[in-house]
Amino acid sequence: MLTIGDKKFQSRLFLGTGKYPNYDIQKKAVDRSGTEVLTFAVRRMNIFDAEQPDFLEKIDLNKYHFLPNTAGAKNAEEAVRIAKLAHASGLCDMVKVEIIGCSKTLLPDPVETLKATEILLAEGFTVLPYTSDDVVLARKLEELGAHAIMPGASPIGSGQGIINPLNLKFIIEQAQVPVIVDAGIGSPKDAAYAMELGGGWCIIKHSGIWSKRSSPDGRSDEASY
Amino acid sequence: MLTIGDKKFQSRLFLGTGKYPNYDIQKKAVDRSGTEVLTFAVRRMNIFDAEQPDFLEKIDLNKYHFLPNTAGAKNAEEAVRIAKLAHASGLCDMVKVEIIGCSKTLLPDPVETLKATEILLAEGFTVLPYTSDDVVLARKLEELGAHAIMPGASPIGSGQGIINPLNLKFIIEQAQVPVIVDAGIGSPKDAAYAMELGGGWCIIKHSGIWSKRSSPDGRSDEASY
Amino acid sequence: MLTIGDKKFQSRLFLGTGKYPNYDIQKKAVDRSGTEVLTFAVRRMNIFDAEQPDFLEKIDLNKYHFLPNTAGAKNAEEAVRIAKLAHASGLCDMVKVEIIGCSKTLLPDPVETLKATEILLAEGFTVLPYTSDDVVLARKLEELGAHAIMPGASPIGSGQGIINPLNLKFIIEQAQVPVIVDAGIGSPKDAAYAMELGGGWCIIKHSGIWSKRSSPDGRSDEASY
Amino acid sequence: MLTIGDKKFQSRLFLGTGKYPNYDIQKKAVDRSGTEVLTFAVRRMNIFDAEQPDFLEKIDLNKYHFLPNTAGAKNAEEAVRIAKLAHASGLCDMVKVEIIGCSKTLLPDPVETLKATEILLAEGFTVLPYTSDDVVLARKLEELGAHAIMPGASPIGSGQGIINPLNLKFIIEQAQVPVIVDAGIGSPKDAAYAMELGGGWCIIKHSGIWSKRSSPDGRSDEASY
């Protein structure tokens, strides 16, 4: 069983909420996946931007835990501000620190990620930092008190799967907190591989690459064993 | 839906019957996997060798189709003889031609496999040859009339997964009959990968590598989507 | 030292003669590579097709051995006919049997390759068959008497390098004759890898992929250690 | 041509000085490699530890540039102290910051590496930090003023070659300073691959893995094109 902070989960899968053709298909995919945790970017919420539609309108909010992320933040200060906004919305059981350090590759900024993690932990958040697969960096995040570590498998949206299984294995072996493989999971085999490395959990988005391999009705639950 | 000869299957998984700690765990694993096809070596049957225990004693024979293989055969003649023995047992809905050409690597003999396939087809068998991932060889087997093609992912028992996805993709794209990825499937990610390549089916054995990643009660159904 | 039939070579590299921008660059590349063996398709020779230019016009024919190949052949009969044409030209110290079994992937036909190898050996040729990386097939070619085995690294012209190092290793370990890794070598690292696998030799073509990594004056000798 | 700080090099290879059977073989290997830069750990110098033999006793010190590294340092302070010791020896044209953050995997500490790089640059050293393949970290090191970036291919001494070519490619593409692929280069193919990725340079050690593939007289110059 997965324990993050004071919460316990049965499902080994975190699921993204975007990229679905419509909210009915989104609802079906979320239901069938068996996930207990939904992720989304705070900047897509209408609390952040009133022009945004309510992308969770079809979802039964009582059934899930929420892991908003700070996508769009370029430094620790912005990430902290976004996290507080999420907290104000009530849809923030945990927060994923996501600070992109390179607009071309979308890879994370290690120094700002450490900084934001430290600040948010001090403010009482349950913090799950998205990080590169740098092994020593992952340990430093855990030493700060991060509740889980979320190393990327490959660049966000690339669907390239796990490029460096050795580093992920090292991160998983050294960690006392859960390791959730994030970013680049492109197909069920990648999700299965993440779980086999011993972490036991991974996060997927309903990306184009992924949905091509899903069934015609949009379900993306192939990897939700 | 998978169609082989005159049979239709819903499950995308063929399951081995050996390597379980005992027959109760074997039964549970087979049940939970949702498979419709069980595979086994004829030489493990007590029709072949009266000293052998009945390894199917716990299995409800009416619930499954059977794919015995000719393991142990070193040439076409031996494979044909073993296939006929399986047929005589009544547990032979299909036959997997398996002729090992190299005792060290356990890789198949292309020439003898072609020969045995031709003979058994002429005798009315539903024939699924186990073959290397040689693309032109796979096409020749199909041209002979093979009902499915079973290319190896990597050497038997190696658990190395899919070494050459390109060849498997070529074999799957050219084939009009089902392609069932066989041999070397070492973990759920490998099974998922085989299915993603477009073949849609694979065969697994309950090997040591595999069971280590199963749950404590011996179920091996992680890959049985 | 490499011994094929009754010839001995110091260089570990066979070099293609085509795909150069012009014959001056071809000459430079051949000289600098240190190769002792040049390969070419018989169908590019003007003995095969009088309309063809003499692509060896700048090459000092006394300095090299020649390995013409039977590219274009779709079966054993055609390959034998092309090999005899090469022999008639005087530029045929050895012959590479190349019989394509699939026009899309350009992968070789195992059955026709066996047949042509047998015929040409009986006629006294020094025969080097191009083959897939099927391990048992490679052994059968050697058992027929082939003077070297030329397994492909990946499809011809794909530049994908060595996809299945395990099979190449098996082929090299079992062989008593030289193994020359052929087809798909796309860059110096691939050539180095082929040599490290223990075969010690490989064949390269001056393909587009390769030349991009060469120096501006067209030399392609990075891999010719 | 490679330019690091105010120095220019023709050779694309940096060579380690340890792990040779004896100093005569070391001398031969260094000579044949064509390298212009020798690397070594300061802690192996007799200025650091008077008990150490002079491992450069056979080397003509006027022919080479020297890149001592701070191996053994566990934080920035120790690395700075070791670098100053190297400088005092006169054998320090450049310094490689090497701060191990994990004694099991020998992977580098990103935070301490940033800190030591900043301090040594302020003191006027020519600094080449050894780092993980974290892309944003590499950019931060360059922004500090590092004269070259030395990302690891895989863990030190593992000989696993380049595990994540994508990250190395990103690092090379973004860098205005040279990128020298370090650590884990296990064979000539790995060195060739590092060069093909566009960095153009790599560092090798004469490790056991490497020397097995060298010729019997100990030369390790297969990769020194």
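Think of it as A, B, C and D in the order they're written, each chain with its own count starting at 1.
Going forward, contacts are C-beta pairs under 8 Å (C-beta built on N, C-alpha and C of every residue); 3 or more make two chains touch, one makes a residue touch a chain.
Per UniProt, the chains are A, B, C, D = thiazole synthase.
Quick caveat: nothing in here was measured; it's all calculated off a predicted structure.
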Interface repeat test, B-C vs A-B, A-D or C-D, passes over-half contact pair overlap for A-D
Inter-centroid spacing, subunit D (thiazole synthase) versus subunit A (thiazole synthase) (mean Cα positions, whole Å): 36
So, what's the distance in Å between the C-alpha centres of subunit B (thiazole synthase) and subunit A (thiazole synthase)? 38
Here the gap between subunit A (thiazole synthase) and subunit C (thiazole synthase), centre to centre from mean Cα coordinates and rounded to Å, is 50
Could you tell me which residues belong to subunit C (thiazole synthase) and also touch two or more other chains? none
Overall pattern in which the protein chains touch one another (line/ring/star/complete/other): ring
Which of the chains touch, listed as pairs? A-B, A-D, B-C, C-D
Residues of subunit D (thiazole synthase) defined as touching subunit A (thiazole synthase) within the complex: 101-102, 104-105, 107-111, 114, 132, 134-137, 139-140, 154-155, 160, 163-164, 166-167, 170, 174
In the complex formed with subunit D (thiazole synthase), which residues of subunit C (thiazole synthase) make contact? 187-193, 195-196, 213, 222-223, 225
